[in-house]
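Should a chain be cited, it is by its letter among A, B, C, D, E and F, assigned in written order, with residues numbered from 1 in that chain.
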Amino acid sequence: MNNKVAIYRKEHFNAAHRLFVHEWNDSKNNEVFGKCNNPNFHGHNYELVVKVVGVPDPQTGYVMNLKNLSDIIREFVLDQFDHKNLNLDTVYFKKINPTTENIAITIYDILREKIDKQLELQVRLYETERNFVEYPVQ
Amino acid sequence: MNNKVAIYRKEHFNAAHRLFVHEWNDSKNNEVFGKCNNPNFHGHNYELVVKVVGVPDPQTGYVMNLKNLSDIIREFVLDQFDHKNLNLDTVYFKKINPTTENIAITIYDILREKIDKQLELQVRLYETERNFVEYPVQ
Amino acid sequence: MNNKVAIYRKEHFNAAHRLFVHEWNDSKNNEVFGKCNNPNFHGHNYELVVKVVGVPDPQTGYVMNLKNLSDIIREFVLDQFDHKNLNLDTVYFKKINPTTENIAITIYDILREKIDKQLELQVRLYETERNFVEYPVQ
Amino acid sequence: MNNKVAIYRKEHFNAAHRLFVHEWNDSKNNEVFGKCNNPNFHGHNYELVVKVVGVPDPQTGYVMNLKNLSDIIREFVLDQFDHKNLNLDTVYFKKINPTTENIAITIYDILREKIDKQLELQVRLYETERNFVEYPVQ
Amino acid sequence: MNNKVAIYRKEHFNAAHRLFVHEWNDSKNNEVFGKCNNPNFHGHNYELVVKVVGVPDPQTGYVMNLKNLSDIIREFVLDQFDHKNLNLDTVYFKKINPTTENIAITIYDILREKIDKQLELQVRLYETERNFVEYPVQ
Amino acid sequence: MNNKVAIYRKEHFNAAHRLFVHEWNDSKNNEVFGKCNNPNFHGHNYELVVKVVGVPDPQTGYVMNLKNLSDIIREFVLDQFDHKNLNLDTVYFKKINPTTENIAITIYDILREKIDKQLELQVRLYETERNFVEYPVQ
């Protein structure tokens, strides 16, 4: 057993989105995405849980200061996604579908650039209390 | 003391909306509504709690069958609001602003028509876990 | 404005029950109570919230010691209801139907005997997160 | 690192059960299972979280449509377990004890038959907010 | 029925406190306050829910901008109470006991000065998920 | 795939603490720990989730009796930590900083001594709903 600890920080953002595949016609999109394909968009209170794994500093007892982690999430994720239309207002979902899976992968890719490479990273994203995803899978 | 009991049913819907006053310019709308004024909309997981007050039937022990209450909420509220854009897809918020206050009043007015007038009615609506409203106030 | 404060204590119990009216036949009971009429019972994790209203003691700052309130709930409610079959194991629901309404009224009647008459009392009972009741109604 | 994503769907069911070992006498069963051994049953609001792991479809962005996952859970699990007596009304717990561990294994075995073998599967089951289990363990 | 709406804003703060009556000896304080009388203090994550009641502005649809309400709570309550020792670091509990009742009354008195007198105000304060109070009582 | 099941038990305790490094001066401690460095302490409602992994007993269906697990947590963890000042009232944080990481490792070390070595053990500790840790990491 190693001496690694996982730390978690929970944040949230509210956003609108629409699920559809550009190459498909309306009928096919409705069949696959149902109500989520509403062309006028719908929205969610997304809950984001970011997990960082590493060895605590022997002096501070911190794997990473959660205040710093929270600041990074705010600056690089929330400021881009909160109170936004994911399809129209962000650069990420012009071509790819803003499913919970794809949003989680996108957030992981953003944060991976900003967090010490020695620390492992995982993202859990709740679209609703009943539907959520996790990336990457160990 | 009377022998009335309050019964509650919790439902939810996911919707997009934008807050703004038509008569105001962008600068004024931004000043008052901030991020909620995004012209491309944002969205929420709304949690709706409907309270009905009355005397339980002496035989069944029910104020009202919660199954029936749930069906009424589904047919007359959720089917209109869930996975919709409140500004564009409903008839209610063409002229009035879809604030949590106004959505709650609208839902109350819809349900008041469908529920036995002998029963008192109140609506609580959560826009987020931290922001919610109640109507009417006793 | 008076100087009363409401204090709340949340407890829980797990119980089995069956909803039906003795005078009705199976067909009528099934029509009204649906799955809740299963003759072999089903069950719930009931969450009980007890509200007591009074003026805080000027020295202790307590309306009532929540430790004492918790002890009273445990002795007179939980010990009778927790891990029990409400229809078969308690004296309260031999003739009346154990709906959430009737269970809440029963718990109120039990606690009203045990708590200082100068203090107002109200019971909220959750059968599920989505179905709950309150008694009495102010 | 692979490109797998875990998706989760939360459902619930309400059921009655009794814990006991057929081969043991009452005294031994009471000693081991305490209040859970009530011969008249008690019950719970079970919360079921089903995890499915796979690579998202590059076009839809879905590992699996959560609507389909929810339908499968409803048809093959909830319709058998919801508002039922697990000991008396199901075929699964005639001989084995309906502990949370055994219910979770049973649900896993049911769902494993119905979900694409290319997708990994895990079940988490809450008996109460404070007692829950997970199967299988990675 | 009037046209008033209640709006709610939930905030939180983490604080240490000790319950005791200065005029009592240790034995009497231990008898009444038990573990809460630890002279080295213990602490809580307090959840604060502030309710404001009024008539929504016909143009904005707001009873009061929740952003403004949140700012007032932060400036006048959280900045004084968060990450503080309620007995030692605030002026409010030098002589009165920091019970949940007294903290709620104190927060109400602070906020009542800062919020439009035309609006009704109520405070709900959770010391734990199971112990909470409300002031004033209508 | 093995036939192991993970079981979880959630408990809680309320405690005060202060974060600081003895070897640092006030200025350095304030810079790193901010409000958490308050010399008069602050506090939290800690939520503790203990995970135990093993093969269910074929007769009882239990990995371990959760009642026993709960008793062990109470006797060896809660009785030492609940309503205590972690820095002053326990032996564990005289020299090491009571960060959530270090508290979780301490609890793990305590429980590891008391739980059957054949069973795997993991601790998750919530300092707040938004900040939590897990140890060890698999």
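Criterion: contacts are C-beta pairs under 8 Å (C-beta built on N, C-alpha and C of every residue); 3 or more make two chains touch, one makes a residue touch a chain.
Just so it is clear, the structure is predicted and the values come from calculations on it, not from any experiment.
*Asks:* Among the remaining chains, which ones contact both chain A and chain F?
*Replies:* D
*Asks:* Between chain D and chain A, is it the same set of residue numbers doing the touching on each side, over half shared, or a different set?
*Replies:* different
*Asks:* Just grab the chain with the largest centre-to-centre distance to chain F, centres being mean Cα coordinates.
*Replies:* For chain F, the chain whose C-alpha mean is farthest off is B.
*Asks:* Farthest from chain D in C-alpha centre terms, which chain would that be?
*Replies:* Farthest from chain D by mean C-alpha position: E.
*Asks:* Taking the mean of the CA coordinates per chain, how far is chain D from chain E in Å?
*Replies:* That pair's centroid distance is 41 Å.
*Asks:* So what's the Cα centroid distance for chain B and chain E, whole Å?
*Replies:* Taking the average C-alpha coordinate of chain B and of chain E, the gap between them is 28 Å.
*Asks:* Measuring from the mean C-alpha position of chain A to the mean C-alpha position of chain E, what distance in angstrom results?
*Replies:* Once rounded, the distance between the two centres reads 34 Å.
*Asks:* What positions in chain F touch 2 or more of the other chains?
*Replies:* Each of 129, 138 in chain F touches at least two other chains.
*Asks:* Every pair of chains that touch: which are they?
*Replies:* Inter-chain contacts occur between A-B, A-D, A-F, B-C, B-E, C-D, C-E, D-F, E-F.
*Asks:* What part of chain C is in contact with chain B in the complex they form?
*Replies:* 19, 21, 23, 32, 34, 96-102, 104-105, 129-138
*Asks:* Considering only the defined contacts, which chain E positions touch chain B in the complex?
*Replies:* Its residues touching chain B are 1-11, 53, 56, 59-63, 65-67, 138.
*Asks:* Of all residues in chain F, which touch chain E in the complex?
*Replies:* Of all residues in chain F, those touching chain E are 12, 14-17, 35-36, 38, 40-45, 82-85, 88-89, 128-129.
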